[in-house]
Amino acid sequence: MPAITGNDYIERIDHLKTCVWIDGALVTGKISEHPAFKGVMKSQAALYDLQHAESLKDVMTYPSPSTGEPVGMSYLQPKTSDDLIKRRAMIQQWAISNNGMMGRSPDYMNTVLMAFASSVNFLKGKENCFPENIIKFYEYARENDVSMTHTFIDPQVNRAKFYFEDTDEPIAAKVMEKNEEGIIIKGARLLATQGGITDEIVVFSAGGIQDKAKSFAFSIPSDSKGLKFVCRDSFVEGDSSFNYPLSSRFEEMDSIVIFDNVLVPWERVFYYDNIEVSNKFMASSSFLPFTLHQAVSRQIVKTEFVLGIVQSIIDTINIVEYQHVQEKASEIIVALETMKALVIKSEIEAKIDEWGFMRPDQTTLQIAINLFPRVYPRFTEIIQLLSASGLMTIPTEKTFQSSIRKDLDQYLQAKSRNAEDRIKIFRLAWDLTMSSFGTRETLYERFFFGDPIKLSSKLYFSYDKEPYVKRVKNFLQE
Amino acid sequence: MPAITGNDYIERIDHLKTCVWIDGALVTGKISEHPAFKGVMKSQAALYDLQHAESLKDVMTYPSPSTGEPVGMSYLQPKTSDDLIKRRAMIQQWAISNNGMMGRSPDYMNTVLMAFASSVNFLKGKENCFPENIIKFYEYARENDVSMTHTFIDPQVNRAKFYFEDTDEPIAAKVMEKNEEGIIIKGARLLATQGGITDEIVVFSAGGIQDKAKSFAFSIPSDSKGLKFVCRDSFVEGDSSFNYPLSSRFEEMDSIVIFDNVLVPWERVFYYDNIEVSNKFMASSSFLPFTLHQAVSRQIVKTEFVLGIVQSIIDTINIVEYQHVQEKASEIIVALETMKALVIKSEIEAKIDEWGFMRPDQTTLQIAINLFPRVYPRFTEIIQLLSASGLMTIPTEKTFQSSIRKDLDQYLQAKSRNAEDRIKIFRLAWDLTMSSFGTRETLYERFFFGDPIKLSSKLYFSYDKEPYVKRVKNFLQE
Amino acid sequence: MPAITGNDYIERIDHLKTCVWIDGALVTGKISEHPAFKGVMKSQAALYDLQHAESLKDVMTYPSPSTGEPVGMSYLQPKTSDDLIKRRAMIQQWAISNNGMMGRSPDYMNTVLMAFASSVNFLKGKENCFPENIIKFYEYARENDVSMTHTFIDPQVNRAKFYFEDTDEPIAAKVMEKNEEGIIIKGARLLATQGGITDEIVVFSAGGIQDKAKSFAFSIPSDSKGLKFVCRDSFVEGDSSFNYPLSSRFEEMDSIVIFDNVLVPWERVFYYDNIEVSNKFMASSSFLPFTLHQAVSRQIVKTEFVLGIVQSIIDTINIVEYQHVQEKASEIIVALETMKALVIKSEIEAKIDEWGFMRPDQTTLQIAINLFPRVYPRFTEIIQLLSASGLMTIPTEKTFQSSIRKDLDQYLQAKSRNAEDRIKIFRLAWDLTMSSFGTRETLYERFFFGDPIKLSSKLYFSYDKEPYVKRVKNFLQE
Amino acid sequence: MPAITGNDYIERIDHLKTCVWIDGALVTGKISEHPAFKGVMKSQAALYDLQHAESLKDVMTYPSPSTGEPVGMSYLQPKTSDDLIKRRAMIQQWAISNNGMMGRSPDYMNTVLMAFASSVNFLKGKENCFPENIIKFYEYARENDVSMTHTFIDPQVNRAKFYFEDTDEPIAAKVMEKNEEGIIIKGARLLATQGGITDEIVVFSAGGIQDKAKSFAFSIPSDSKGLKFVCRDSFVEGDSSFNYPLSSRFEEMDSIVIFDNVLVPWERVFYYDNIEVSNKFMASSSFLPFTLHQAVSRQIVKTEFVLGIVQSIIDTINIVEYQHVQEKASEIIVALETMKALVIKSEIEAKIDEWGFMRPDQTTLQIAINLFPRVYPRFTEIIQLLSASGLMTIPTEKTFQSSIRKDLDQYLQAKSRNAEDRIKIFRLAWDLTMSSFGTRETLYERFFFGDPIKLSSKLYFSYDKEPYVKRVKNFLQE
C-alpha cells in the first residue's frame, strides 16, 4: 500500500492496541472516536486524502523507486535543487490545509526518516550500527506510508550542567539488557507529539549522551508490548468549530513515553551501545538540514495565516489609520518575507553532500530557526494588543443559536462584519493566541528545535567567522 | 447589615433574579452553584469572611461614621497618609487570599464609589447633576457592603478616530427618554467583569463623549428589569484544584451588558444629559488616584506570586546556575520592587485635595500603570522560557489517581520535588500563563486602565516637563 | 573619458570652484588637501582606481554601449538577473574597500541616475517634463564617470503633519522664476552627503509636494553660481589611522545646500512645475528597487565588518565562554544572513518592468531596509556591552611612540594580542561606535531611507495582504 | 582648611607634580590650563564654590564634629533618615550644576570614604588591618576637603572565568614587598576617572581576589613617586560652549594607573595581605548603600536634563502630535519617576546598621542600578530617533559668526526657535548622545556599577525570594 488515504490511516491506527493513558483512563475502543483525538485524526486523514486529489498528485507524490507506484513526496531523497523545491511545494500544500498548526503533519517524520536513510553511510562499519535496518525501515515506511512520531529528550528531572542520573531504577530510558531477540528498554522519554495516533515511534538521542546504555536509535510499533503513552489533558474543549476553530481540529496531544521493559527486535535497531555514533549522527547526518527545511516551510504558511488574521482584525474594527497598528502589522510582514528569503537562500545555496544528496544550506536554516521562536510569540502579542476587549467579547455558538441572538446581531456588529462573522474572527484569534491549544502552539514554536539560548550558541560556534576576522586584521594593517 | 460575611454575599446574590446568559442558556437556580460561577463566588465569599477574622478586623474594617458598626475598610475616605497606608494594608490582605488574581475583588468597586462620593462637590449646582444621590448610594453601599461591578466602554464597533454611530437602533447604550420615574436606557456596554454575581452595576462614561444621550452615570440593581448580562464562555475547565488551581477558584467572567429599555429611577441617577460633566468628572474626581492605588497594590501581590512560582520552578528542575535564568528572575524582582517603590512614593507625595481628602500622587501611580501592562506579559514569557517542556508534561489529577501513578512517581520526579509536587507547580505555572484563564488574566492586565499607547500619551500630556525645559534653556544661556 | 582613475577624480574636483563653507570659512585652495576632506577623497579616489585593477576590470566596468570603452558597472541598466548579480558584485567589491562605511560611494548616485534613465518613459509627453535631458545627462555621466551627490529633503523647520511654509522669503528651495536660459532656484535643501566633493549635484523631490514651485528635478555642477554648501563640523579628528582608523579615511561630510538664485539651464531640467509627476516619479520609476539593491548590498559588507570586529574583541579578551556573549554575536550573524537572504530573494524574484529593465523585487528590499535601521544600532550596543572598559582604555598612537610605551606593552597586553594590536582593535571598535564619526554612521543607517516609522507604514500599505485575508475567510467558512 | 573654594582646589592640584601622560607627552606646567583638563577643572571648582554660596551653605556643608567649621555635607555620616535626605539634597544640588554629567563630582569619592570610615569596625582586630588609618584619613580628607579618585579593577587582559595571571612581571597591581616605611606596589589598575586632577587616589579591590598580594586598600597622594596616570585621548574638541556645550566643561578623563614600585607609607595602608577581608569588606561595609544612594541621586538629575532636552526638541520642530513621539517621551518620564521612587523607598526603608549608621535600603538601590544602565542608552536612542537630520545639520559657532550667517538665520529657523537657538539645542543633543564625550557618558552609565549581567545575578542571589516561594507552597496545599 503506497500513498495511503485518510481512511487507510484511521483504520490502521484504530486497529492497533496502543496503550494510551489520558486523564486517568486507558483509551479503549476506536481512538479515532475519542474526543481528545478525533479532531486531529480527521485533519491528519485529510492530509493523506490530499495525496489522491487529482490536481495535486504530482505535487504530493512521486513514483516509488522500487515499484513505480505513487509514494509520498516527503520520502523523496533530493538529488537536485529542483527536488528541494518539489519537497517545499508538498510541505506547504499540506501546511495550508491546517494553516501550519500541525507541527507533526506526516511530512515531518517522513523527512526525519528520509534524512536518516540518506545518511546511513555514516554508520557503515561502525560498532553496533545497523545501517541496513534504517534502509529497510525507510523503504517499508515509504511503501506503506507509515505514520510515525518520535521522542528524543530525557525527562526533565534536573537541568543542571553536570547531572548524572543516580537512581536504582532508571528514569531516562536505557538499554537494560540484550538477548537473542533484541534489546530491552526501560525508562521514560519526553515528549511524543501525536504519541498514540501513529503506527510507529522512532526513538533516538539528540546528542550529549554520556551513558553507553542511553546511546541507541530504533523504531517500534506504537502497540509494542510494555510501551505506554501518558497524555497531558486534552486541549480540545468541544467539537464546535465556531467556538474552537483550531483546537477542535488540530490538537496533536503530547505524551510522555514509558518503556516498561520493551523489546526492540534486532531488525529494528539502528544502533546501540555506541556513544560516539549516538552523539555524532545527528550532527553529521542530513537530519538538521532536511527537518529544518520542512519546519521552516511550514512556519511560513503559519505566518501567512497570522498575517491574514491580523489584517482581518484591522478591517473588522477599522483601526488601519493608527501608525502603531501599521507598524505592528508590518512586523509580521517583515518576519514572513524574511522566513521566505531564508528558505530560498537555503535552496539556492544547497550542496550535494558526501553521500550524493542535495542538502539545503544548514546555516541559513539555522538562522530561520533562531528567528522564529522570537517572532512567533510576538505575533500572539500583537494580536492581543490590536484586539483588546474583542478577545473577551466572545459569546459561544450556542449563544448565537439562542433567543438572545437578535441582541448580539445588533450590539456585536462591527464596521465591516456582521456580529457572527466578527465573533468568528475574534474566536479564531483567541484560539490561536489565548486558548490552551493556542498557548501550547506558542510554546511548541518557542522550543521547536530546542532551547533558544542553546540554539544561539550552536549557531555561533558553527558559523565561520574567520573571513571577517581576517578582513579586520588586514584593514588594521593597511 | 454592615461588613457582611461570605454567606451573606452568596445568599444575597442567589436571591436576585439577575438575567445572565451563558453558552446559550439563561442561568436558573442558584448562580452560586453554577459551574461557571461557583468557584469565584466561593473565593469572593472568603474575602468577605476575612472581614470577620478576629486578627484582621482592624485591618479589614473601620467603624461606620453613621453607626459605629464595622464597615469595609475599602469604603474609608482617607484624610491622612495613615489612612492611605491602612487602605493599602486592607487591599493587599485581600489580594493575598487570591494572589492578586481577582481584578475585581470588592475593594476595587468600593474604592470607585468612595472616590465618587469624595468628589461630589464637583457636581454641585451643575445641570442635571445629583451629587446627593451619589452620597446616598455610597452610604447605602457602605452600610450594606453592597457588591458591585461596573461598565464604562462602548461596544467595539469601529475604532476609527472619527466615528459616530449612525444606526436606527442604538448600539452603544444611551438615554432614550425620561419620565417621572427616571431615565430609560437602551443599548449595550462592555465589559462587566463579575457581571451577574454582584448586587449592583454602576454605569458611567470614561470620557470623550460627544452625544448628549450618552452622558450619564448611575447605579442599578443587577436584576433591574430589561438588564441582561451575556457571558463569554467560561474558562472554568473543571473543579479540580490540582488540575486548575487558579481557574477553578478565580474565574471572574466578563459579560456584555445589554439595556433593553431599562428604567433608572431618579434617586439612582448621578448625572445625565450633561456632556461637559460627563467628560470631566473622571479627570477631576479622585477616581484615578484612588482606583490606581487599589490596582497597583493588588498588582504588587500578584507579582510576588509570580516571583514565588518562578523561584519554585528554578528550584524544582535545578536551573539556578544559568546566568540567563538569574537574569530573567531578576527582571521580576526589578519589576516588583519598582511597583512597591511607586506605591510608597504615591503615598509619601499624597496631598489633600480641594475637597479635603488625601489623594495619593496620581502621576506616580500613572507610572506604575504604564509599567505593569508591559512587564506582566513578560513574566508569563519568562515562565514559559524557564519551564520549557515542563509545561507540556502535565498529567491530570485522575492520572495520578490511576494505576499509572507509580510510573509517574518514578519518571516525573524532579531534583527537589516528588512527581506530584512537581506537577502541581507546573500546572500552576500553566494555569497562570497558558490556560484560557491565565491568558485572560494577561489580557486583563494589558488593558486594565486602557490602551497602553493611549496611557503613554496621557502621561506625556499630563506631566509637567516645563521645569526641565527651563533648565536646558538656562544651561544654554550660561 | 570613460571609467576614470582616482587621480582624474581628484584633479577634476580640485579644479572646480565650488563654494564650500566649513567652520566659518570658505574652502580655498585644493579641497583634496583640506583636512576635512582629504581622507575621504583619497578613499574615493581608491575606488575609482579599482576600476583599473587588472583583475577587477570585468567586475568594475562594462563596455560603453556608445563607445565600447570601459565604463563603470554601476551605470549598467540591467536586463537580466545576471546583470543584477554583476551589479551586486561591483557594489560589494567597492564596499569591501571601505567596509561599507561610505554610504555615498559613487555607485550609489550612479545607480540613482541609471534608475532615472531607465524610467524616462514615465515622463514622456507629460507637461514640463524633459525625459531627453535625463538620458543625455545619464550618458554624459556614464561616459565621463561624473561624481555626484543629491539632495531631496526640505529643511527641518516644522515637522507637523499639516505645515505650509508661510514666509516672505522661501526657506525650502523653490522655483522663483523662469527665463530663456532656464529656471531660477532660491532656498535651501538638506542634506548633501559628500556635498562639495562631487562634480555635480542632482536635485529632486521625495514626493508629498503640495506647492507647484517645489516640484522639480535637475542636475547642476557643484560650482554653479549662487550654489553654496554649508558643512557641519568635520568629524575628522586627525590623520592618524592608528587613532582614527575610520574617520581619517571615510568621513563623507554632510552639508546644507543653499540656492541663492541659482540658474538651472534648460538642458539640465528634468521636469518642473508638475506636482503630479513630481509626486509620482519616485514611486513609479525604478529608483527604489535599484537604490535599495545598492544600499542593501553595501550594508551586508558593513555587517560582515561588524562581525569581524566583534569576533576580534571576543578573541582578544577571551570572553567566548559566556553564553550571553555567544548570543550577542549570534544576533549579528542572524542579521547578516538575513540581509544576504533578502538580497538573493530580491534577485530571484526580479521581474522585467514595463520599460524592459530587470528590477529586483522591491518588497523584499523594503523588508531589508525596515530591518537594518533596527539592527545596526544594536550592533553598536553589542560592541559596547562586550568591550566594557576596553573602549575607555585607548591611549593614542603618540603615547605608543613615547617612552611610556614599555609600560603599555606590559599592562595593556591581552590574552591573544600584544598591547599595540589590542589597542588597535579597540580603537577601531571605538571609532565605529563611539567617535563622532561612528555615531554619525549610526544615525545615517537609522534614517538611510527615511523615518523608520514611515518606512513601516509604507511597507504595510504596499504589501498585498489580501490572499491571506482570503485564506482566513475560507478557513472560517469550512 | 575645611570646605574649600574652587580656587583652593585648582591651586592645590596645580601645585602637585602628578605624572600625567596624555597623547605621548607628560603634562608640564599648570594642569588647570591644559586643554584636556581646564574645562572640567573649572566645573569642579564651581562645585567647590557652591559650598560658599550664602543661600546654599546649609545645604552644602555641616559643622565639622572636630572643629565646628563648615565641612562638605558629603562627609556627613548619616544617623537619621533626615541625614539621608540632607545628603541627597547636597548631591542633587551639585548634580544640577553639571546636569549629572560629572560621574565623579567630589561627593562620590567623599561618600566612598565616609562609607569606609563608617564601617571600620569590620576591620577591628583582623590581621593586617588598620582601621585607625581609615579614620585618620577620613578626618584628614573631611577637614581639608581633599579631592580624590579611585581605582579598583585589574587590567582587561583575559576575562575568562578561570584566569590566573602568570607572567614574570606583574600586570595587575600587587604588593611586591614590604619594608619599614610601608608596602611597595607594582603593576597597573583601571580606570581612574579624573585621574591626575585630584589630590589623592584611593586604591582597593572590588572583591574576588585569589592572590594575597592583591588584597589591599590604601590611599596615596597623586604625585607619589612612581605613580603614573596614562590618559586616553581627550574628548575635549574645543573651548566653544556653543559647539561643545558639554565636553568643553565636563570631560572628566579616564586613565590607566601605573604603579612603578610605589611606596605606600604604613599610615596610609588600610589593610593588606588579607584575602578574606579584601573580599568581604566591600560587601559588609556600607560602601554599596551609600555610593549607590549618591549615584542614583545624580542619575535622577541627569534624567531630568534628558527629559528637558527631549521636550525642547519636540517643541523646536513641532512633532508633539505624533503618538510615537509622545510614547518615546513618556518612556523617559517613566524612568525618571521610577528612579525617584526608588531613592525615596531606599530612604523610607533605611535602617541603622550594626555600627550605628543609617543605611539606605541596599536592595532598593540595586534595583535602580540594574535599571539605569538599560534605560540611559535608550534615552540617547530616543533623542536620535526624534531628531533625525537635526543632528547632522549642525554648523559651528564660527559659521554663525561668518558672513554666511544670514543664510543660516533664514534656512535653519525652526517652528519655535530662531536658527541660533535651534542649533544650540541640537548641538547639545548631539554632544549628549553622539560626540565622543557623549558616547563615553553612555558607556560610563552602562557599566557604572559593573557588568549589567553580573549586576542581575547579584541582585538575584541577594534577594530574599523565600517568602514568596512559601506563599506558593501554601497555596498549593490549600
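In order of appearance the chains are A, B, C and D, and numbering begins at 1 in each one.
Please note the rule applied: contacts are C-beta pairs under 8 Å (C-beta built on N, C-alpha and C of every residue); 3 or more make two chains touch, one makes a residue touch a chain.
Chain identities (UniProt): A, B, C, D = 4-hydroxyphenylacetate 3-monooxygenase.
Computed from a prediction, not measured in an experiment: that's the story for all the values here.
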| item | value |
| --- | --- |
| Fraction-based call for subunit D against subunit C, same above half, different below | same |
| Of all other chains, the one whose Cα centre sits farthest from subunit B | C |
| Gap in Å, rounded to a whole number, between the CA centres of subunit D and subunit B | 44 |
| Whole-Å gap between the CA centroids of subunit A and subunit D | 53 |
| For subunit C paired with subunit D, centre-to-centre distance based on mean C-alpha positions, whole Å | 39 |
| Residue numbers of subunit B (touch at least two other chains) | 323-324, 453 |
| In the complex, subunit D residues that touch subunit B | 96, 99, 241, 245, 304-305, 307-309, 311-312, 315, 323, 326-327, 329-331, 333-334, 337-338, 340-342, 344-345, 348, 363-364, 367, 370-371, 421, 424-425, 428, 453, 456-457, 459-461, 463, 465, 467-473, 475-476, 478 |
| Subunit D - residues contacting subunit C, complex | 21-25, 153, 155-161, 163, 169, 171, 187-188, 190-191, 228, 230-233, 237, 243, 254, 256, 258, 260, 317-319, 321, 324, 377, 381, 384-385, 388-402, 404, 407-408, 410-415, 433-436, 438-440, 442-443, 446-447, 451-453 |
| Subunit A-facing residues of subunit D, complex | 322-324 |
